[in-house]
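For clarity, chains are labelled A, B and C in written order, and residue numbers in each chain start from 1.
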Amino acid sequence: MRLLPFEYAVRNLGRSPARLVLSIAAAAIVVLMLVAAGGFVRGMSLSLQTSGGHHNVMLMGAGSEESVERSEVDAGVASLVAASIPGIRSSGDVSFVSPEVHVALPVLPGRITQEAGAAGDREGRLVMVRGVTPAAMLVHGQAQIIEGRLPAPGMNEVMVGAMAHTRIGASEHDLALGKTLHCAGRAWSIVGRFVAPGTVMEAEVWAPLTDVLEAAKRQTVSTIVLTLDPSRAEFADVAAFTKMRVDLELSATTERDYYARLQSFYAPIRMGAWVTAGLIGLGGLLGGLNALYAAFAPRVREFGTVQAIGFRRGAIFFSLMQESVIASAAGALFACGVGVLALDGLSVRFSMGAFGLVVDAPVIASALGAGLCLGVFGAWPPAWRCLRMPIPVALKAA
Amino acid sequence: MSLIECRALTKVYRKGSQQITPLRDLDLDVDAGDFLALMGPSGSGKTTLLNLISGIDRPTSGSLRVDGVELSGMSRSRLADWRARHVGYIFQLYHLVPVLTAYENVELPLLLQRMPRRERHNRVAAALDLVGIADRHNHFPRQLSGGQEQRVAIARAIVTDPTIIVADEPTGDLDRESARAVMELLRGLSTETGKTLIMVTHDPACASFARRTLHLDKGRLVESAAARTPVLREEAL
Amino acid sequence: MLDARFIPLVFKQVIRHRTRSALTMGGVATVMFLFIAIQTIQDGVRRATERSSRDATLIVFRENRYCPATSRLPQRYEERIAGIPGVVDVIPMQIVVNNCRASLDVVTFRGVRPRDLDALAAHWECVEGSMDAWLKRSDAALVGEVLARRRGLSAGDAFDSSGVSVVVAGIIRSTQPQDQNVAYVHLEFLQRSALRAGVGEVTQFEVRVEDPSRIEEVAKAIDAEFSTDVEPTATRPEKEFVARAARDVMEMVGFTRWLALGCLAAAVALVANSVVLSVRDRVREHAVLQTLGFRSGLIARLIVGESFLLALMGGAVGAVGAFALVQFGNFSLSVEGLSIGIRPELRSILFGWLVSGAAGLIAGLAPALRASRREIAACFRAV
């Protein structure tokens, strides 16, 4: 089958610059929606996937496996576990055992409380405050201190994650070293900043365990996180320990499994994001189809003429698809560019945490693929409608 | 007094950077009941003259009176109202509304008048009957032949009982047989109902149906030949 | 306004340009579906969190706790709360929830005493089973309608969550949004089943006050009463309590307002695009209408009428779709054990539909104005 020259498609696109711009814009909007939704879903998934450390096991109160905030474990269990379970990784004398309290508390940056007059005048946003010991830095290898140091107990000091400002609703400057946070009725000084890329920890505030227990008026910790040495122990050993010591009322789960369950818990939200993007995309697609119908319909006589010259319908069909693909590909590329520049890394506050949108290769590839499909399949119905007429009828068309 | 009086009628318009003057200082009189054919080469100004007389365009200068009413200074809305009552227009390409049936196309001008539905129906039926297309009243334009479409267009033009009927190349898009039928119809309108008809045509055979033929060239009348003998009609079409 | 005799003409133009109209209406239906769904969610949040002057219920919670699992108050506080002036009724309640975080599928158990059931049931209607059946079994549950539909539960079914196993004694329908999405069980049963909570401890107290205008005063008095105790309290009106807990959700919902505006803009753009294309294709047709005597203003109104009708018809489809989704979807947002029910309000559905019509009107204005200003002869020359 002899095809029409590629320039035919390109020149036809240029016949109406306004229409071309509108087509590109429509494709760009649809693809941008998909990039945003994809970035949101991917960011949420990745932050939960990578939050779980390799070989980390979480010991929580029996029955609270779904939610660490609900869990309560006696504080003394940590030392018992360190002594009883063989195969826990250690560095010198220090075991990789981290007793932690995970509690959501309202936090206000110091600047705002000064403006309000008193800490009690305004309530802050709920932020996950994690009470930790120095062992936490061993167990959670993804967390790295980038500024300052670990907070010391009894000094009302805290360390903030790099994305905590999003969660708190303040600027990065408000959470710089030396600044203050107000939480649980007292002022805390920021002495350190840490990163934990792609994990939920990056949106948290860490403070000494004893200080958090006191501030939250608790006697129990939420969980004990330990890191196993894979050459000496595995998860089944820890699970066996919890079954043996029923008096401790513990349950064990790998940290990865815990966050994987949390991921599935948020599945409806992710589905909601896709559905929203899909609906807006569908609206845009229908509008684009309308535009294509209007673009092709006045050219019916032209199609009849080209067929009369000797080109097959398939050749014209292919040329129309080229036009459509060029416009939608241009729009898709533009949208992906905007996505990478403006959306990638954009932090989103969500349900006791925060995460950054991730516009990476899979998201870009999917978005470009969608743009391509838009161009290919979007042209089919209008092109078919215009080409199905017999040549004599087409030649007489208005 | 003539039904249509043109004095020093001039039309100028711009096309891009060019200024085009299709009519220059034209004087013309048309009597009531006349059937006038306007002929001339392309660009001679015949369609422009037709558009001015029918009120769908306004002259740049000069005077144009139809049935005693001066059109040259009228506003757009007043011209619209005047056209609705006094003009029936027949186009070369029929220009029927594609999503309306033949009946609905003919009914369209009557919607502009405050008329009971029954009366509207009667007038539409009568017009369709007159042009011989009553049996196709519920067909869409795409279901009609060219000749049938033009008949519907003629019915639309006469349904309001206008003062003048203008036709721009009414047979330009028709085969010989349909063209003849349409011209017979137009002639009948002129002789039997006494309607004033002004027709633009390239075709001398069609012009021979008219009572009078005028030639235009470069915006001016070049001769006033009165072709009153309908000798050529039978052989030409 | 358009004279009635021209309305059939507008309908015919819309209905007989099948493909174009179907595509435009489909696009409008899609975006208006989203717009109305968002409105419905916002309505649900508003209903659950906006206080009215008639609200007379306080929630007494543990200070500095935000998840029901971590709030533990001694049950003996009941007597002291009942003794505070202005308090009519005190209902101790144990709450067990399978997850504190915001989600669409959360199971919340509320443990109450049998003698407190009458006070709670004032807002209820038992649509299946009976409250007597609940009284007869210690592991019985009265399940809110929305939760029951979501989990496919009927009277007599057994189900478990968060380590608590119950049997459904009845399905209840309540005017209170919180009740629709929870399961009411016996307090002692829940205290024994729930983790680490013993008999003698509850999550919260639900307090009814005599005079709603004094509700803040009573709340302060309750907190003052326990401020020096080992387990101090934080007391708030119920809707404010929900609003605080649901702040995250409300922020997300606040963001959806922008999305809703975006949907509206998309609807206007879709219809405007369609009208512009339509007008461009009908330059000659409009010129013919003017030739027949249709004034330019009338032609403009015809175009706006078509635009309005397209948007209204598309909006109607979107509205019906949104209504069906929300009505039969039984959605409910839960956070920290509190529930924000999402159910359709006719007022919002109608509002969304009318807004789509308004979008159509706006979309048609510019193309109509342009079309009406064209000179007839220029139109014939152009084509």
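Assume a contact is a pair of C-beta atoms (placed from the backbone, for glycine too) under 8 Å apart; a residue touches a chain by one contact, two chains touch by 3 or more.
Note that the structure is predicted; figures quoted are calculated from it, not measured.
Taken as a graph of touching chains, this assembly is arranged as a line, each chain contacting the next along an open chain of partners. Should one ask which of B-C and A-C has more C-beta pairs in contact, the pair is A-C. Look at where the CA atoms of chain A average out and do the same for chain B: the two points lie 69 Å apart. Here the CA centre of chain B is 63 Å from the CA centre of chain C. A straight line joining the Cα centres of chain A and chain C is 26 Å long. Within the complex formed with chain B, the residues of chain C that make contact are 5-6, 9, 12-13, 16-17, 284-285, 287-297, 375-378, 380.
Partner chain C is touched in their complex by these residues of chain B: 13, 48, 51, 54, 56-57, 76-77, 80-85, 87, 89, 91, 95, 97-100, 104, 108-109, 111-112, 156. Looking at the complex, you find that chain C touches chain A at residues 19-20, 23-24, 26-28, 30-31, 33-34, 63-67, 69-70, 97-105, 162-163, 195-196, 231-232, 244, 247-248, 251-252, 259, 262-263, 266-267, 269-270, 273-274, 277, 280-281, 335. Contact residues of chain A toward chain C in the complex are 22, 61-64, 66-67, 69-70, 72, 103-105, 123, 125-126, 184, 215-218, 249, 262, 265-266, 268-269, 276, 279-280, 282-284, 286-287, 289-291, 293-294, 297-298, 349-352, 385.
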